[in-house]
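Paired with chain B in one complex and with chain C in the other, chain A is shared by the two complexes that follow.
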Partner chain A sequence: MLAESATHQTMMIEGDLLHTVTADNISDKRKRFGKLLVWGTALFGLSLALWQFAFETGRVANGFDNWRPVLYAYMLWATALCAAQVIVNGEKGKRTLFVLPAALFVISLVVFPLLFALYISFTDWNLASPNGPQPNGLANVREMWNDEFYWNALKNMVFYVLAVSVEYIIAFGLALLLNSQIRARKFFRVVFLLPLMLSPVAVSWMIGKSMLEVRFGPISRLLREIGIEPSFFGSAEVARFMIMAMDAWTFIPFMMIMLLAGLQALPQEVIEASKVDGATGWQSFKEVIFPLMLPVSVTAIVIRIIFKLKLADIIINVTSGGPGGATDSVTSFIFREYRDRSNVGYGTLLAIVYLILIIIFVTVLLKVVSRWMERPA
Partner chain B sequence: MKVELYNYIRNAQKLNRRQVLKGMTAAGAAAMMPKLALGDAHSNVRADILKIPGVGAGSPTDSDWQKVGEMCLGATKENVSAGEFDGVELTFMGLNNQNLHNFLFRGFLKPWEAYTGAKINWIDLAQADYNARLQQSIATGTVDFDIIEMGAPFEGDVLGKGMASEMPDWVKEQIDMDDYVDYLKAPVGTWDGKTYRVSIDGDCHTFAYRTDYFGEGSVTGKEVPTTWQEINQISKDLVGKEDPLTGLPAHGYLDPLKGWGGFGFYFLENRASAYAKHPDSPAWLFEPDTMKPMVNNPAWVQAIQDVMDLIEADAYPADQINADPGTTAFSQFLAGSGSMLNWWGDVGSSARTSDTSVVGDVVGFGINPASDRVYNAQSGEWEETRNEAPNMAYIGWGVYVMATVDSDEKKKKAAWSAAAHLGGKDLSLWASAYPSGFQPYRNSHFQFEEWEEAGYDRAYIEDYLGSNADSYNHPNAAIEPRIPGIFQYYSVAEDELAKGYAGKYASAQETADAIAAAWEKITDQIGRDDQIAVYKASLGL
Partner chain C sequence: MSAIFKDHDSDKPVKRKWWTSRVAIYTALFLWAVICLFPIYWTFTTSFKLAPDVMRGNMVPWWDFTPRWKGWESIGFSPRLIGEVSTVRDEFLKRFWNSTVISLTASFLAVVLGSLAAYGLSRFNYRFGFMKNSDISFFFLSQMILPPVVLALPFLVLYKSLALLDTRVGLILLYTLMVLPIVIWIMRDQFQGIPIELEEAALVDGLGIWGAFLQIVVPIALPGMVAAFILSLVLCWNEYFFAALLTATNSTTLPVMVASQTGSQGINWWSMAALSSAAILPLIVVAIFLEKYIIKGMAAGAVK
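So, the complex of A and B:
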């Protein structure tokens, strides 16, 4: 036991010696100075922020024109924090310095905007209003609660997300096809990938607004030739289906390529063994290929769902959410609320709520599917 | 002039090179005739600039713009001495649509810069970015430009907040504001009795129709309709008939049933203005004292009901519910679907120049349709009198100087001098005759002999631009309120209308009530008292 502890200690020292170029003899005074630097600048920044907040809310008479000095104080604190790493921890602190500035940068760009977004989502802020953002408590939440068209957009999202299952089946079929020994396989692999290379905006113009154009679009003409009067965006159901189809056309190749990669990585011996055992093509797919493909499938579906939750561009371009909100996605709805109506407060709240819903949904989804994410032993 | 219009006129006149040269020679010879030679130097400038580069001689280039700018400097020289603005730097924010707008301004202002010694820096914006950029500048108090090219609907946002510089009297004289067409005169461009805007453009909707649908022996057998009641009846009667040009189903008036970022609301306004804009009152969208929306009064409900009736009668082309204004004009009307439409100037000009247009030879123009009766919001009664109220949709672009220059007299004079140069009487004639992105907006622009002299076909100019002139100077023109957030009102109205048209509301009244409720919400959000004040100011009350 004693020997083990001694060995462990030696290893630690040796381990440390491997990385430490100079031995640090950091005095307590230096350590105290480092800590003081961090806490001092933090306190300074915090007091400045509080002071400015008090000024903005009319509690004190003097203050700055804008929040820029607070930002400078934050940057001062960040610099002090970095410097303190070396002051307090010496050589070890230098290692931290490789990561800390980048981490602080990321935190600044994620956490602060998120906090700001959270704040403005509880304000009444219309860009055209001369008064700027006015905190309005839970009024935006109440408005959202009674906003039928937000819930309608959320309901549409359920349909859109469910469509991923159909996309998955088609993508799997195509992946199997491209994995088999067919003629011009490489050519088809590239061709099937082409829709993914197109911007959804281009898809919405080329297909939604040109090929599906009721009067002179080629698809409409073809339908008219065979005696069907075309109408692609006239009724709620057909319009929603057309949006799903266009989105699917763009993104099926994405799932397909992931599944194809999965198929190519499958151990051939197992499949061959199943054939030797006399399994039919279907049996070998059902019992061997599909179970082995589950982790890849689940990953593809989850990523595709995340993509789907952001669906907006095609809808904005082709239907603007119509007819009567039937094709609205949450994002396209927020886009109109925010961009066309400059309704920043309410639009932000809708976005924040949607973000929370997505986080919950994806977390639950990952939890549920985690058992299939691992390859069966 | 809008590019499409320029190309259209050239095509409409079917000029070949020889004719163009002949026209130019004739124009040149005319310029040398004693009558003109005796004219003042001013009119010579007008005739001379119209020869740059010459109608039919290809699109003007930067050197042409600079030449025109140089030749039109006379007015500037009367108020500014050479080198007076040495050391002054100004920033100009404007659009870069179709490589026009700011691109022209650069050329026009280059000789002005050389003469005055001032320097101009440019902020070029795409149309789609313009509103967001302006709103953010206003909301965050970061006005980083001294001169701005801006549409009148934004006046509420900018002038209403005291962000612009008041126009000095010498500018008013230099640009001859009395020459503006009636609807561009005060209250447009003014706020609380002060003038801010140098107009450089005019906008209005006019009525475009297919000539082959009307007259004896035509598919309708009727004369060109002039009222909404006639238009609605013809649209219903056309169901089941065949288009004389394409052989496909015939259709009447084309209403866009889908939104267009707020701009789609102008098209319901076209219908509603005839019912709702009573000659006795300038207000037709909001009640001036309370900002209570008028959009759910019987006049507006009638306009919405008209559209719903036509949907019910199956009078529109298939998928009309997904047709925005762009679709109705460019994919439907010009491609031969439908026979009547309201639109800005460029639908007529695209009729012959657009590749997808098949209606070039059968298109006619007029002012917006009237109504057999008009609703008097004050008495709450319909009056059985004919009412015309052409819709001045968007009111056109202007140049505004920001209040940021007010603290520096030299800079202020320089900024106003630059704005006045761009909105000068002669320079604007050139801009209205050649591709510039702007339409005629002064009475002097409708002196058709000047156009004829420059080589244009008089009959066409009179027919086409005549409909614009009649709308501009109409005594009962419907002018939109220049209040903050006006496009927010339009945008939410579009959404509610789309729901109404899709059957989500039980009736036209319920749809109109939903719009009114949404408008009330926006008014409260922006601040009702502020809105009332700016609305009244915008109406000149």
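So, the complex of A and C:
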């Protein structure tokens, strides 16, 4: 029964939703022209790239200043490929044309750079050195293995990701508040949304550098009134907590809005029925609302974790990873590896390793939680 | 009628309970509203303070300090300077203009590419090699987990050889790539909500699939597109990481300008406050007037 409904669902997604009947009569000449267009532009681009490569390696006397013309040739080829879809395949090609531009865009901006990244991560490329990239085998891997700061940054990421659970609880509470019978709901919704609009860089200054300033910041003043001597970025734990708090401040609205949308879509009858049956507020939350909200919650948490894994801006601008690497995220660590030491080869290897770890983590996470999610990612 | 019953002794605890829950709810709401608003209030007021005001911790304008234009003068905006030539203002406006052009273009591109792809994936059957529709969708959405740092260094090198470093075009391409999965996520949801019979009717009436898409589907899906556009706009406007790595002088965006001042100016609070206020002001306006769309965009995909 379950398996049956599962296959039925995939059929729904895979099935041809919009049926079109087409009777294309495409002449051989037209087909040949289309293919010629693609191959011609491809050959042109390829020869241009080869020429430029020969020029840069010194085998040909004249060439272009940079690779820009090759980029134009590539774009010409991409346009030709799109046009050829319609020329060769007619109506079917027009359908392909919906997805093809986006696919080409993503492939050329992700797949090629990733392959390139894979190559430079096994070189000793330092932008400061005049030699350019020299393959150095596994030296970068060995260096990474002994790099305590990188492992420390990874460990910090675990803490940062765990902080999502607290954000979730606060966000859920706020969503419940906004969903209750209150006046001025729109006002509160806009106000609660505002932190999400602010750029992390502005937040770094507004909170991290001015409100938390030890001498004159308002929070420091408040703490001194209570009798605590403020020190926000002195010790490792407090500094990490402060980064978490600032990041939470910006991103709680994000989860809150997803959860609020979930709350508003709940079937009201079920909740009222539980009230009629004598459930107290807490009981109806625990037994009815929370289980019904599970799919939305899981989706919100997964997306939030994915965003959290990119955390960097606030750290770069407030602590630069200090004190002693206690607040470093992987991204901010690699950022400094490049900024301070121009170590492109090593930095890229660290990034690639991070990507692999993320892919493993997210895959496992999705496997574990997908049965509670509304739809597979 | 109800008044008669509510005065009864046995109803009083209920009433008291109702009042306590009201008070608790509004206290929590106001508390969080203060947490959300105070940093913004602090930044705006600080931009009108002088050094002694900051040191004394004065907070309420006209009551414990007199607002001054000093902070805004440092980026060239004040009643005294507005008519004169000001290099700092030109500098700020250049960054502002860069941010505007880059985020508008990137969001527009992403909405166009993303809507087309999302529509195609929600309506037709594809087979690119081994990839079926669900695989293609997954391919697009999986870009969301790609951390920017993986792409940053290869792009640095690639852009250098393509002479795209420190250009707007370079940033636009990257930002489009960054928001594209989010746009596809939102738009797929929107298109699935549009009944297919509409397009079938249009096809029967003689429109092609592109005609049906442009004339029938796009007008219906427009609010969703606006939501996706605004969400992209916010993300692009606030992006810092790529901008910091890939720009130097010509195409620097506002966040980079704000970040570059935080370190150098030390305790120059008023000018930093003015700069931060100016950088966040457009988005606060967007949040207040277009809140509906932002919420719509974020709620899409969370709920079916």
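Definition applied: the second predicted complex is superposed on the first by the 268 of 377 C-alpha atoms of A that agree within 3 Å, B and C clash if a C-alpha of one lies under 4 Å from a C-alpha of the other, contacts with A are read in each partner's own complex, and residues count from 1 in each chain.
Everything that follows uses one rule, which is that a residue touches a chain if its C-beta (ideal position, glycine included) is under 8 Å from a C-beta of that chain, and two chains touch if they have at least 3 such contacts.
As the structure is a prediction and not an experimental result, all values here were calculated from the model.
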item	value
First (chain B), second (chain C), both or neither touched by A:322	first
Comparison of chain B and chain C by chain A residues contacted	C
Contacts of A:43 with chain B and chain C, given as first, second, both or neither	neither
Touching partner for A:354 - first (chain B), second (chain C), both, neither	second
Touched partner set for A:265, first chain B, second chain C, both or neither	second
Touched partner set for A:98, first chain B, second chain C, both or neither	second
Which superposed partner A:239 touches (first chain B, second chain C, both, neither)	first
Partner chain in contact with A:216 - chain B first, chain C second, else both or neither	both
Touching partner for A:362 - first (chain B), second (chain C), both, neither	second
Chain B versus chain C as contact partner of A:229, first or second or both or neither	first
Contacts on chain A seen with chain B and repeated with chain C across the two complexes	215-216
Complex contact set, residues of chain A against chain B	124, 126-132, 149, 213-216, 229-234, 236, 239, 318-326, 336, 339-343
Chain A-touching residues of chain C, taken from the complex the two chains share	25-26, 28-29, 32-33, 35-40, 42-43, 46, 54-55, 57, 59, 113-114, 116-117, 119-126, 128, 132-134, 136, 138-158, 161-164, 173-174, 176-177, 180, 184, 196, 199-200, 203, 208-210, 213, 234, 237-241, 244-245, 254-256, 258-259, 262, 269, 272-273, 276, 279-280, 283-284, 286-288, 291, 294-295, 298-299, 301-304
Sites on chain B touched by chain A in the complex	132, 135-136, 138-139, 157, 161, 248, 258-262, 317-322, 324, 331-332, 335, 337, 356, 484-485, 487-488, 491-492, 495, 498-504, 522, 525-527, 530
Complex contact set, residues of chain A against chain C	10, 13-20, 65-68, 71, 91, 94-99, 101-103, 105-106, 109-110, 113-114, 116-117, 120, 173-174, 177, 180, 182, 186, 188-207, 209-211, 215-216, 218, 221, 249, 254, 257-262, 264-265, 296, 299-300, 303, 306, 309-310, 312-313, 316-317, 330-331, 334-335, 338, 344, 347-348, 351-352, 354-355, 358-359, 362, 374-377
